[in-house]
Amino acid sequence: MIPVEPRAAATSEQLAERLNVLGGLEVKDGGATQGTVTVRTLGETLEAATHVVAGAPGARLADMFADNGGDAPTLRLVWALESGYLLTETEIHGGEYPALSDIAPAAFVEECEIYEQFGIRPATGKPLNRLMLPPHAGPDFPRLGHRPAQPPEEVHAPHTVGGQAFEFPFGPVRQVGVESLYYGLVTSGEEIVDVYLFTWHKHRGLEWRLRGTTPREGLFFAERAEGLSAVAVGWAVAAAAEAALGITPPPAAARTRAVALELERLYNHAAAMAALCQATGLTVGQSAAEIALERLLRVNAAAFGHRYLFGVIEPGGASRAPDAEVLRRDLPAAYGELRRAADALLRTNSFVDRLEACGILTAEQARRLGLVGPVARATGMATDSRLNAGGPPDGSPYAGHLVTAVTADGGDALARFQVMLGEAAESVRLIGEFLDAGIEAKSAPLPPGGGRGLGWAESSRGEVLAWVALDQDGRITRARLRPGSVRNWRGFDDACRSQNVFTDIPIIEASFWLTAAGLAR
Amino acid sequence: MNPLDILYGAAGAWLAAAVAGLLAGSWRPGLRACCGLSALAGAAAAAAGGWSLVYGNTPVVAPGPATIVGGPLQLQMTSLAGVFVALLGIVAVALALYVPRYHEPSRGTGVYLAACNLALLACLAVLAAGGMVTFLVAWETMSLACYLIILRHPRSGETARGAFWFLALSEIGFLLIVAAFVILSAKTHATELDMMAARGHLVPGGWRAAAYLLALAGFGFKAGLVPLHVWLPEAHPVAPADGSAFLSGVVVKLGAYGIVLFAFRLVPVAGPWPGLVTMGAGAASAAIGILYALAERDIKRFLAYSTIENTGIIVTAFGAAMVFRAYHQLALSAFLLIAGLYHVANHGCYKTLLFLEAGVVEHATGTRDMDRLGGLVHRLPRSAVIAFVGTLGIAALPPLNGFVSEWLIFQGLFQGFRTGSHLTAILIVLAAATLGLTGGLAIYAFVRGFGIPFLGMPRTRQAAAARETGQPVAGPALLAVACVALAVGAPVMLAALSRTARTVTGTSLGPLLLPGKLTVIPAHADFSAFSPTYLTIFLVAACAVPVLVYLAGRPRAASVSVPVWDGGMVSFRPRMQYSAMTFSAPTRVTFDALYRPSVSVRRASDDDPAGRSGPVHYEAQVTPVFERYLYRPVVRAVEWLADVIRPLQSGDVNLYLLYVFLVILLAYLLGAV
Amino acid sequence: MPLWFARGLRRGVVTTRYPARPDESAAWLPTPPAFRSRQLTRDVADRMVAVCPATALRRRDDTLIFDVGACTACGRCAETAPDAVAPSGEFELAATARSALIKEIPIRGGGR
Amino acid sequence: MNPGRDEAEAARRLRDTISTQFGRSLHIRTLDTGSCAVCEQEIRLLTAPHYDLHRLGFFFTPAPRHADLLLVTGPMIRAFDVAARKTYEAMPGPKVVVATGACALGGVYPKDPFVHGNAGEVLPVDVWIPGCPPSPLALLHGLGVAVGRLAEMTPGLTFIADSAAGGGEA
């Protein structure tokens, strides 16, 4: 084992050199965006390399995915360090790779997904879980890679319930106006013993669909992966394409994108507040929050021509820019509505008591599961991809502005609600600063040729990662979408397990404010 | 011709049945003859019991030579014992109809049937005992016969343990009963019960109280009052179905008979406190009994705890009757005595029925664990209907007899204010409140007791493979008819019982109790009135009206039957139903101070905390408070004492000579004094 | 402890009069495009068909088949041919027959 | 889909029975067959103070057993069609199916191994509401058309903007 001396934020370059010591390495600097360093490791040294990187202070496994690139599938790990992102690529031969979830537990769900899509399994042989594969999926079910050798029945952990508990089936068709998602609530009659989710009802195979499309056409589908985070996912895919082609959007267009992202964060947090009031049964509070939400959506429609900001982002820049005067006039009024409703809620004892100690997540759980966004910040982790992804690269509009990661401790529904309110206030301030700095609807032309790039954005649900590989005539050969919901639904299981009763589940789900569409893609 | 003569016939038939059982061994026609004789005897006993209710006490008779049983064999058929004899008869008939199809004739069947009939005979002797010695000898014979019954299937240590618990506690109880009788007969210089009752004034107050408390404790062991109840949940599951039905239906009732015998006939103690003590013990037994019933998965243990609850209700009624007598409210006292006796008959019927049905379920599926049953209503339709009638009865739901008797007991308890003393009134209302809690929990327990095994989807293959053919139905059906008859015919039964109360408390409540032909007044007309017969008729009519309206106004469009809405899920699995323990989880949480549950959970994500979902295992165990904190210390103390005393008998001859010398010396000294 | 009842009353009525009277917020909604058939030529139509991600546009020799139901009002056709496309301003497009949503736009732009 | 005479005829008869039977109140059950969560948000906003469908006599109900109208969103994922059939069959007749959003009308997702692409493939759709997402006003208009209380505008529109006004008038 290589002794890793604890030092201040180990920048990804220093880490790359230390990984060189392992031998068999090739450091490839990833594209124009300065924040990403790509390291190619060999299969044998993968485990050692993962230990080294996981050991670095503040290292967090942001994503793990596979690609059918060469003759054998290549495994890519995306590590988020203080100094930016580190991408390790490894060729996997023989359909087995060392179990990375033992080192970084956050990798478990990705291991299950890689098994379903590419058929390669971690070496330990521990049972995996079914994610996107419907139970009746035949061998002809479309996959990104080739079919897994072992049939799923042997690999997947059975959801058997033993002893005196019983499984309360909930879904997939749930309350009105709520997405289809199947919960298996294992309960002892009073409190919840275990929760598991089936998400294959909403799997539209977006990563399979993006193959062969140009970034511009791919963006149309990427935005609809998780409609409520259309801007964030669109921005991540556009940034990935720009990183692959080595261009950066003009600063004014980047600021337009940032305005759209902050507007999206605002209306999502208003919608979350309305859902929390509905879950706790405070109907007047819910109406007040929905009034604020509607006014924010109308601000979006007036500024960008679409209530949910579809079509604003395009590869290279922004397709539309808002009229600064309209935004300066309407936004403060709409946000004032939200602020007044939130202050009244925080002074309503019945509401606050209902949220306290409901769906508790500890910082240790958040770190172990690799949670992102308000859910992680509510446990005290100050992770914000706008902030510390290798310092805002020159292309990022947040470069010159003070971005504070709003955190709270306690990890319960109230902490998440307070983080959302704090972020809403930050967003309005940032929008004002961006409008002052000047915005316009311009986009840099995409040069021909191919490449690979990693893009990210901070959606209202957390860090969205996208990785794109373009072939020579600019068509996507492999796209990886990882909206924030994919990570935070794992926290939802743990939050429900902290012995809450049935009526807590809608409150916990509203406080997370995730989408099943984002999880199932 | 008096009821006692009919009982000779019954006794003779039972004796003959016992001998026939012994001779038959495993010969099927022989066993059938034994059951026939037993049924005949049962019918005779039922007739005698019913007649004795109205006939009053027969004179004491001493048939046969005086020293057959080491003392004068004195028999007397009192009307107080009439209900119990009638119940004994009906249960005997039901068991006789049930046994042939339940027991496969094997080597021990003959002996077992002989023991059963012997037990029935002993019970009859206890109830018809005119003298102290007859009573005690018959009581002990009954205990031993029941011990043999429980040991029918000695296949596992569990059976031996359950039988031993029964015998041990029975013997302790017997000692206390003997002590009580000795005190009374010593003071009144008589061994005949009537003589003792007549000379009751000779017994000074202190001895009278001591005798009553000893009797209460002694009979409490057999009746199952709470701290003394431990043998019931141990013995019932291991006894065969008809054995445990007999135990719960009749033997436990003899405990109640003993208490009412001492309280009302032999030694009416002055002052309210014995009544309050009895009522307190009864209320506590009722509440704790039903709470433990809710924490049970085994059907028979669940029914055993329910027996404790119902005995608690009966004893509470008798206790309240004693309290009202102490405050010279004789009408109310007689009314509550009648209500208690009526509840004895009711509980005897539906509890025996439920135990027989539990036997059918175990016979058909091979298991008694509720969490392994389910969906039996489709596979055992007839048994399900009969069990439903029994469940309606025991859960005290309106049309049936359980409701009538509990309603009468509540009417009596609610008139606590007539005692005049505030403290007593409060205590009586407190007992009524405890019974109210018990009533609510009883409905909750029996919805679970009937719902989990009979409704829903079968949880295991055995439950799915259950078949009705060949299962005994006649016995439980008879008891179901008895329950309905007791409910509809309640006024008739109460009229007969009022004659019994007159023989014991001396107040004739007849006209006051039943002003109209079918309405019942709880001793004071200004309080309330209630007619079980009209209630049943009205309820049946009320149910019929919506059915008729539906049939008349039914939509003509073709109706489409669609599976139950399940949220669009692919398929329901049996594990997605409430199980016995999860259904009773709310009480386990509310009363965790009593239960002290110990929970063990194993989840897939425990060993590898990375959000993996997979198999889950959840277990919640309820700690047996009485066995652990009351009986275990007593047993350990006895063992310790035994270790201390053992050296005395070390087998050394010199030591024995020393003992002989010391005894002689002591005798000399005592003689000299 | 805020009086939610009073707060609700103070906030007043914000409910729209729609459908009795039109709602002014409808002006900001994205609406499917309307085509100027005189400015339409075959290659303009082909460019628009190529750029439409939602396969709402198809060309059958001289008519442009426009499926209003499939249109997501993303505005990409207006970007490629600004003079041939104008916002229709129609958002009340519910139809009881799917065929009512499929419109045929004649291409009269001189066949260039 | 042949826009034959019998289809329009059946649709008209259905709407007559509905307007006579339901008169002023209708219960709606929503069904998400794979939407991107934005149509769901617009449907939730129907109960918001700004739009408030209760004043028009429409009510949301969780159980399909009590529902008269099924509001379908999403491109009807193949793995979901069992649940969709079950929801439709769990509703008592007469019932109306409204497909809303470009996904359900076959726009966004073409027919492929993952999705049917069009709600009409699995459920008999009576009213189609376009839009991505359809705004709450468009939804209210769609519901009005479904119960026959609002006029259907689309047949009259040509989407040809030749005159100076540029509007898509008849």
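Residue numbering begins at 1 within each chain, and the chains themselves are lettered A, B, C and D in the order written.
Here is the rule we go by: contacts are C-beta pairs under 8 Å (C-beta built on N, C-alpha and C of every residue); 3 or more make two chains touch, one makes a residue touch a chain.
Just so we're clear, the structure is a prediction, and the values are computed from it rather than from any experiment.
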Please name the chain that ends up farthest from chain A once chain centres are defined by their CA atoms averaged. B
Indicate the whole-number Å distance between the mean C-alpha point of chain A and the mean C-alpha point of chain C. 32
Inter-centroid spacing, chain C versus chain B (mean Cα positions, whole Å): 80
Distance between chain centroids, defined by C-alpha means - chain A, chain B (Å): 65
Scan chain D for residues touching two or more other chains and write them down. 49-50, 64, 83, 87, 108, 132, 135
Multi-chain contact sites of chain A, meaning residues that touch two or more partners: 172-173, 180, 220-221, 287, 291, 307, 310
Chain B residues touching 2+ other chains are 566, 568-570
Dump the list of chain pairs that touch, please. A-B, A-C, A-D, B-D, C-D
For the complex, give me every residue of chain D touching chain A. 28-50, 60-62, 64, 74-75, 77-80, 83, 87, 103, 108-109, 112-115, 132-133, 135
For a test of understanding, state which residues of chain B touch chain D in their complex under the given definition. 560, 562-563, 565-566, 568-570
In the complex, chain C residues that touch chain A: 1-2, 4-5, 7-8, 11, 14, 25, 28-30, 53-54, 72, 74-76, 79
What residues of chain D sit close enough to touch chain C in their complex? 1, 3, 7-8, 11, 15, 49-52, 55-56, 102, 105-108, 110, 120, 125-132, 135, 137-138, 140-142, 144-146, 150, 152-155, 157-162, 166-168
Using the touch definition up top, name the residues of chain A that touch chain B in the complex. 101-102, 105-109, 126-129, 135, 157-174, 180, 182, 184, 186-190, 193-197, 365, 368-369, 490, 493-494, 497
